[in-house]
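Residue numbering begins at 1 within each chain, and the chains themselves are lettered A, B, C, D and E in the order written.
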């Protein structure tokens, strides 16, 4: 079981790096969702079902929706002709 | 320059952490008297089969009060920062296949959320997780059926009332504890023979319910205030 | 009797693993998006069904097996739905159109 | 010990009010002001009753504690109150009372959410002061950060939003370091109660202790705005509305100083810190930060940024003098905490009143504000004199004690920084005053034609703070019993709170 | 049971390599879906291996939320906004 732990940790690290260094916002958020899934499996391996449940519920259900709704508010260059309104 | 300084700072901190964690894993983690008490006496003293829930909502319930107030403050702040825009109501949604299938799936989601909240003291889960699932249902309505589906049925005012009533339920549990046991946020679970039943007459049940309602309504409010957008040309 | 049950369960689990392997190979080998959708959805749904059915037979406990089968049914319903949504979105955004059978000819079939 | 239920009540009452305000907003908006006034007055009354019941003036002796949920300290969370907590609890109640009264007339939009956040901040502040549990302390600090960020960005101009983003990023960064420290302590000691940590922290190996100390020091350096992390502070404190600037710069920084005092003096091992390089490093860092703050304030054009940078200077000198760790130094530092709270709140509230009439916050646009309300401007001048340290006012005495403490311990750089700070403060404040008094014939201010808005409560709060300035200046020795108790608690070889004899 | 868990986790890890090399965003969505399903199966077998059967509830919740996730992504990808 320790071998699979190390494998999951490497996998987790890859997902985190992919979330950091990807060019598109959407790709980073998908990576973040994968990240939360992997960490939930890790929590299950360590037998912490409460934490795993919280991680699944928040990471899969909520983070992505909130993050996506936030990045959908980012103005592209085309729409940037309203300087008086910082929150769009 | 700034990035270089930050790198130096963080690498130093990482080195310190690794060094000291090695010390910790050599000398063994110390579990204090409190942990021993939680594990051995937690069931009888709190009436919750789920130890995590008993620690969160009974031994350290004041922390949970603070944390749910963090959510409350975040909701208030987001609403006050983003509330100048009008919500464009739309009922496009996704295709008919998705709509019908989510008609089937949503009851499952709802039941599992309610289950997590009500069985918070018996199985893993609790108010927070169940509340998040209830909030997710509201998000799903917006995604699948268009934003008018949820907005016309449950107005922001009713969601605010739900959120506030959840928070007040939490405080009421604490204040009832003063009258029954003599301490704020005391658990008024009194009969050990009811250990493991669903309707335990304890404050953990009520606090779970309050936190669940509050978190669900609060997250729904946050989502709907973030997706607000001014319609072009109006 | 019990041995037959266990054998069937192991057989189903092995089929699940086989389908999962097929999914991953398909993800790697297929050339464009729409064929990869085939690989992922069809065989991963099948994999999930086989795995849950095998586990349910292996455990053979009324409440637990019904819960596990419920998971399989939910995956069976919702996995094609999600793939449908993704495929529809990518068709609308005109991403990696297949070279033959171009969507413009078959416009009515997709809506 | 019957009255010890006041301790949780001090935290729960503001939270209850905050939860009730949205409900009241839906039912009847007119009731909101009444609820706000009643609640803040009740809070003040509770705090005063604590003062007159428990303090050296009263019947019962400090410290007292309250066990939440009836669980004894290693199991559950307990609240405790000693002299230090009494001082800060009083300060928070009184200043929040005045700030709330001020903002009843100052805030124009989204009043409901404003009061919700203000009361959450009040509850979190009382929680930070009163709690006796490390993780609970972290929860309340986070609550403070999260609840005050929307208040920083409350004007919703682009600069305010930028300041809010900076504020929350640095606040959460500081909270992160704090959390790592908590994790290290919990992994090694297995307890979170401050009293138990204080008992057994020195049994750990010394490099480990130093690591924990470094994490807490980084965290509090970020939160207090000491030199390498000072840049977020001026922006955040200057672009908030005036009562919030007073709250942040006057009260919240002092609250982090309270955390600083409690953590390093009584919980963690102060003799270790004194023995190692950490103490002198932080001391000279704070002195340099103080000098830099005054220098930045000297060349600043914006009035509120000037006040914020001056605040950086004063916080640096207070941290430095507290680290000297003699009774005189602790006494002078705590006196200066109280005085700086009063003076800075008064200055921010005053400038909030006057900046209503100008078109921008720049100092050169302040021309002629003297003629709107001469009495208030005179009060501004009085507070500025106190800030510089003119003898009969309160700034003088605390600066004098700090100077004495520095000189007695042989840290002459500290004395030089105190004097230089005062000398630098003279020109930059007098520039403001001279612009204010100068006539405005050649360049009328934009809103000159308007009558000043009816602002009796605002004027009342400012005058109350000015009266406090004068009174604490002349009768500063009235604070001596409580301050002496606090200094006695902070000196080494004092065990933090008593376990037995709780409620 | 544990060998099945290991197989599913390794398969999802291998498909994560494909996640990094795939050309377009819908491809990534597909790969994420596959990873999610494989991980759900891994969790299921883990529950059976540990004999902690309340973890099955957790997989149930995860298998629904995964598709909520994918729908959010698909909708954002299609419309670049969520309120429609």
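One rule holds in what follows: a residue touches a chain if its C-beta (ideal position, glycine included) is under 8 Å from a C-beta of that chain, and two chains touch if they have at least 3 such contacts.
No experiment lies behind these values; they were computed from the predicted model shown.
**Student:** How short can a path of touching chains from chain B to chain D be, counted in steps?
**Tutor:** 1
**Student:** By C-alpha centroids, what is the most central chain here?
**Tutor:** So the chain sitting closest to the middle is B.
**Student:** Looking across all chain pairs, point out the one with the most C-beta pairs in contact.
**Tutor:** Max contact pairs: B-D.
**Student:** Find the geometric centre of each of chain A and chain E from their Cα atoms only, then give the gap between the two centres in Å, rounded to an integer.
**Tutor:** 13
**Student:** As a quick test, compute the distance in whole Å between the mean CA positions of chain A and chain D.
**Tutor:** Distance between chain centres, rounded to whole Å: 37 Å.
**Student:** Where the CA atoms of chain A average out and where those of chain B average out, how many Å apart are those spots?
**Tutor:** 19
**Student:** With chain centres taken as the means of their Cα atoms, state the distance from chain B to chain C in Å.
**Tutor:** Computed from C-alpha means, the inter-chain centre distance equals 33 Å.
**Student:** If a residue has to touch 2 or more other chains to count, which residues of chain B qualify?
**Tutor:** Within chain B, residues 81, 84, 94, 98, 105, 108, 116, 124-125, 133, 136, 139, 143, 227, 229 contact more than one other chain.
**Student:** Counting only residues that touch at least two other chains, what does the list for chain C look like?
**Tutor:** In chain C, the residues touching two or more other chains are 74, 78, 81, 85, 88.
**Student:** Chain D: which residues touch two or more other chains?
**Tutor:** Only 156, 161 qualify.
**Student:** Under the touch definition given earlier, write down the residues of chain D that touch chain B in their complex.
**Tutor:** The contact residues of chain D facing chain B are 5, 8, 12, 15-16, 18-20, 22-23, 26, 66-71, 74-77, 110, 113-114, 116-117, 120, 123-124, 127, 135-136, 139-140, 142-143, 146-147, 149-151, 153-154, 156, 161, 180, 184, 187-192, 196, 205, 207-208, 211, 214-215, 218.
**Student:** Quick check on the complex: what are the chain B residues that touch chain D?
**Tutor:** So the residues of chain B touching chain D come out as 13, 16-17, 19-20, 23-24, 27, 29-35, 37-38, 58-63, 65-67, 69-70, 72-74, 76-81, 83-84, 157, 160-161, 163-164, 167-168, 171, 174, 177-178, 181-187.
**Student:** Using the touch definition up top, name the residues of chain B that touch chain C in the complex.
**Tutor:** These residues of chain B touch chain C: 94-95, 97-98, 101-102, 104-105, 108.
**Student:** In the complex, go through chain B and note every residue touching chain A.
**Tutor:** Against chain A, the touching part of chain B is residues 50, 52-53, 81-82, 84, 116, 124-126, 128-129, 132-133, 135-136, 139, 143, 219, 222-223, 226-227, 229-230.
**Student:** Name, in rising order, each residue of chain E that touches chain A in their complex.
**Tutor:** Interface residues on the chain E side: 2, 5-6, 9-10, 12-13, 16, 19-20, 25, 28-29, 32, 35-36, 39, 42-43, 46-47, 50, 52, 54-55, 58, 61-62, 65-66, 68-69, 72-73, 76-77, 80-82.
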